[in-house]
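Notes to accompany the following structure.
Note that the chains take the letters A, B, C and D in the order they are written out, and that residue 1 is the start of every chain.
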Amino acid sequence: MRETAILLISCPDRKGILAEITGFIAKHGGNILHADQHIDFQKEIFFMRIEWDLSNFEIPKEKLPESFQPIAEKFQMDYQIKFSSDIQNVAIFVSKYDHCLYELLYRFKAGELRGNLKFVISNHPDLKPVVEMYGVPFYHFPKSKKNKLEVEEKEIELLKKEKIDLIILARYMQILSDRFVNEFRNKIINIHHSFLPAFVGAKPYHRAYERGVKIIGATSHYVTEELDQGPIIEQDVVRVSHRDSIEDMIRKGRDLEKLVLARAVRWHLENKILVYDNKTVIFD
Amino acid sequence: MRETAILLISCPDRKGILAEITGFIAKHGGNILHADQHIDFQKEIFFMRIEWDLSNFEIPKEKLPESFQPIAEKFQMDYQIKFSSDIQNVAIFVSKYDHCLYELLYRFKAGELRGNLKFVISNHPDLKPVVEMYGVPFYHFPKSKKNKLEVEEKEIELLKKEKIDLIILARYMQILSDRFVNEFRNKIINIHHSFLPAFVGAKPYHRAYERGVKIIGATSHYVTEELDQGPIIEQDVVRVSHRDSIEDMIRKGRDLEKLVLARAVRWHLENKILVYDNKTVIFD
Amino acid sequence: MRETAILLISCPDRKGILAEITGFIAKHGGNILHADQHIDFQKEIFFMRIEWDLSNFEIPKEKLPESFQPIAEKFQMDYQIKFSSDIQNVAIFVSKYDHCLYELLYRFKAGELRGNLKFVISNHPDLKPVVEMYGVPFYHFPKSKKNKLEVEEKEIELLKKEKIDLIILARYMQILSDRFVNEFRNKIINIHHSFLPAFVGAKPYHRAYERGVKIIGATSHYVTEELDQGPIIEQDVVRVSHRDSIEDMIRKGRDLEKLVLARAVRWHLENKILVYDNKTVIFD
Amino acid sequence: MRETAILLISCPDRKGILAEITGFIAKHGGNILHADQHIDFQKEIFFMRIEWDLSNFEIPKEKLPESFQPIAEKFQMDYQIKFSSDIQNVAIFVSKYDHCLYELLYRFKAGELRGNLKFVISNHPDLKPVVEMYGVPFYHFPKSKKNKLEVEEKEIELLKKEKIDLIILARYMQILSDRFVNEFRNKIINIHHSFLPAFVGAKPYHRAYERGVKIIGATSHYVTEELDQGPIIEQDVVRVSHRDSIEDMIRKGRDLEKLVLARAVRWHLENKILVYDNKTVIFD
């Protein structure tokens, strides 16, 4: 696989942005592989993801930010530069439900998700054998109402020490503190087992059953301070009918949850997501 | 098309219900065409829709309720008897949006919806030409905050005079009074332009856009006193992305709304819906 | 609505194409609204759709082709320049099925499809009243095996006289001659009532029923000499089960057919489709 | 979980079948939990799946066939009696692709699939560690063109010795002989990686890419002598676009394949499938 650079940009929309960026890449010998652009005409914001082959690109990777800086300033860009060779470090948080965990373990192992899965953290010991079966370290951090913040500090310490770039809450049934969320802004992906914004909070399948909906869903999103209110990354749905008991909904929902979470994780690891205004732009 | 009888039943679940009903039909020479049964195990309620050919059935239509009464009493049934030859009378309420109206006019005309479309009522005169193009009477009932209840009385009077069995709110932008709703319990079908219970109330597409959802939906339901809280009949969804403006969502949503509404109307007219506990059982 | 120019390009993939095109637009004061690019890495072909605001663009519309020519030559581009102000002329061909026709008539009337619907041609007189109800001219061209080619010549003559840019076969049950197809290469959109390439040819719903599939579909495509083998524009599907008779499938399929056809027509009229290698790139 | 009996019936459609069956169950004290009936009006065949609670049923399990026999004869029924307590024995066949295997191993372990997974057979040794990680025996049966039939005899011997009721081909890339198929009529479920009948045979994703389809699918079906022509159990689809390379299609397809296969296996193990006329009736 050839090495590539990826530029993720958002800035006020103005004439000539695209010409400037593509001109810069072309001038230095870069071959553009993907260019995806989007304008929010309501808010007049320009978004872009552009990826180019580095094989004959004249600017060395470490000099790229410096070289690009003048353009960024000219257009007041908010931007990130990523390289396909930079593999992100990942941690999974889990409680007792195991279907999302199995799915992620398999996909990391199979190479479908490009990331270093460094460890799994849980507030329960139950899933230790599963995790270790895949040769991944497992940390048990029991939590009570009392010690929650303390324990979180230890988790943050571990996550920082291991330079974790992405935290996946794979049906982790705990609410994270604002302090925690703040440390990892747009770096925590949660899976919620409803079609948000319907059924925010606990027991969404029970409430879906009570309401008599004909379709249920799952939603992956970045975690923010407000419960289930973060930027939505992906959603999917499945039909249900009066024949489906709550147990059937939970079963059908599991299949959604694991796919919807896996898609979000893949896009994040491939640097395909831009967050703005509590929403996401997915350059798929 | 052969004439059929349809029995819609709900009652406490007990042994022998099915045997008793099917025994009754068989004994009198009825040939069962469709039998669909459902048990809500949580609440222990038995539901059934059974349809049989009347060609060699010994009991004349008008005597059927009387003959069935003992069974109904034995099992404390809540039941309805319908005949395929009884065509329901239908009225459509509409404001200015015309996509659902066109869809319904076409489907009634094409015979896909089996009902007598008696007239269309609107609080605006705009859609009169369309309705009359299809040869359907159009009544203009202008409404203000002040005269709303008065006008409703006139509407009710007309609806009763014409023996209307089903009222379709085809993007009718008015909220009906409790008095009105009460008169036509489980006989008013509304289309709401969101995936309920997400985005109850006004401007759901705008709010879906704001929230950054990845899927939008439409919901047809029976109207109850509480806004957008009635029993859901049908829902459907379509994918959206950051590329979709509010206008795009509205456009995509229109295609959902008309299909989701038409499906609900069809099931209602074919006596395939049972309502209980603010939910629907659809015997499709 | 502001006036825009649209450039649709395909050419061998090389470095610097994007920079050259966007540089050209920027240099002359064009504000890019949409830019969508795609590379077929297997065949090394570059595709692009780029749309820009003409309000402050220095080059007058009629000079644009000439000004762009040097870039086109440099990169061996196959390209088209379109203007949002150029409304395409459209003709619909229909036989006896009316659901797609109604759908299109409504969408043209509602302005959702931007095109001049000039007339409807049919080999049967049946749908004349419908078409005329919408104020659209209707031409009846009866066809027999014998006179088919002759009649086609008359149709071609009419189509040319009226400068038709797009022909929509809205369940037109006739196969067009190679001569006809050749005259309107990539300008004839057909709706086939199956999920191609399954069930090419006649009676697809009957064959789907026979095969016991669990999902049926519809396909809109450009017409080529080979039956149902042209470039696919859009497809959609719906679930069926053993409960669905052939009549149910036909009914469910109608809803697919009209939506799938309408989407294809919209994309075509908005210059969002590039055809290559018997496939389509849809810049949606 | 209460023990239940399940009756799967098909017979010529006649008056009184339903009354006779439900009367039989009621007379002997059975409480019906699910009753699902279907009539193929074209061929005049009656189908039924009926499940009842055995707790107060007077006829002992071993006597049930004998007691039911007179009814079966009267209506010329083709029928099977199953008990929820009878857990089926299952064998998985696999080659080198592991995604379906992992999915099935997880679902059997999690108890979502009710069956005794007795062993996994493969023509390659590669997946031995995975299978043994789950504590399931793994048999390696290398196959060449020469020894294929011989090896199959050994497989059949093993399958019979272990009383295997269901064989799952989890992307097993070998074609089974007629002799093998005949031994396990309607007991072998295969997953085909296309939306059948499109793309029968090898490399369906490549051919889907070539054809430029906008939707791809997967199909689970019972294996018959003719390649990919057996009764379809379940299908599902996912959208693709010009942006999707063959690799993307294969990736998206994997998620379909494993779900579509798992659903078919679940229905089979829960005795919800009736096969007739190379089609399936799914009593879901």
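In the analysis below, contacts are C-beta pairs under 8 Å (C-beta built on N, C-alpha and C of every residue); 3 or more make two chains touch, one makes a residue touch a chain.
The shown structure was predicted, so the numbers you read here are calculated from the model rather than taken from an experiment.
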Relative to subunit A, chain with the most remote C-alpha centre: B
Pair exhibiting more inter-chain C-beta contacts, A-C or A-B: A-B
Rounded Å distance between subunit A and subunit C, as computed from the means of their C-alpha atoms: 37
Centre-to-centre distance between subunit B and subunit A (centres being mean Cα positions), rounded to whole Å: 42
Multi-chain contact residues (two or more partners), subunit D: 41, 243
Graph class of chain-chain contacts, one of line, ring, star, complete, other: complete
Parts of subunit D lying in touch with subunit A, wherever the complex brings them together: 98-99, 102, 106, 110, 112, 133, 243, 251, 255, 259, 284
Parts of subunit C lying in touch with subunit A, wherever the complex brings them together: 15-16, 18-20, 22-23, 25-27, 29-37, 39, 41
Complex contacts: residues of subunit A adjacent to subunit B: 38, 40-42, 47, 195-199, 211-215, 217, 231-237, 241-243, 245, 277-282
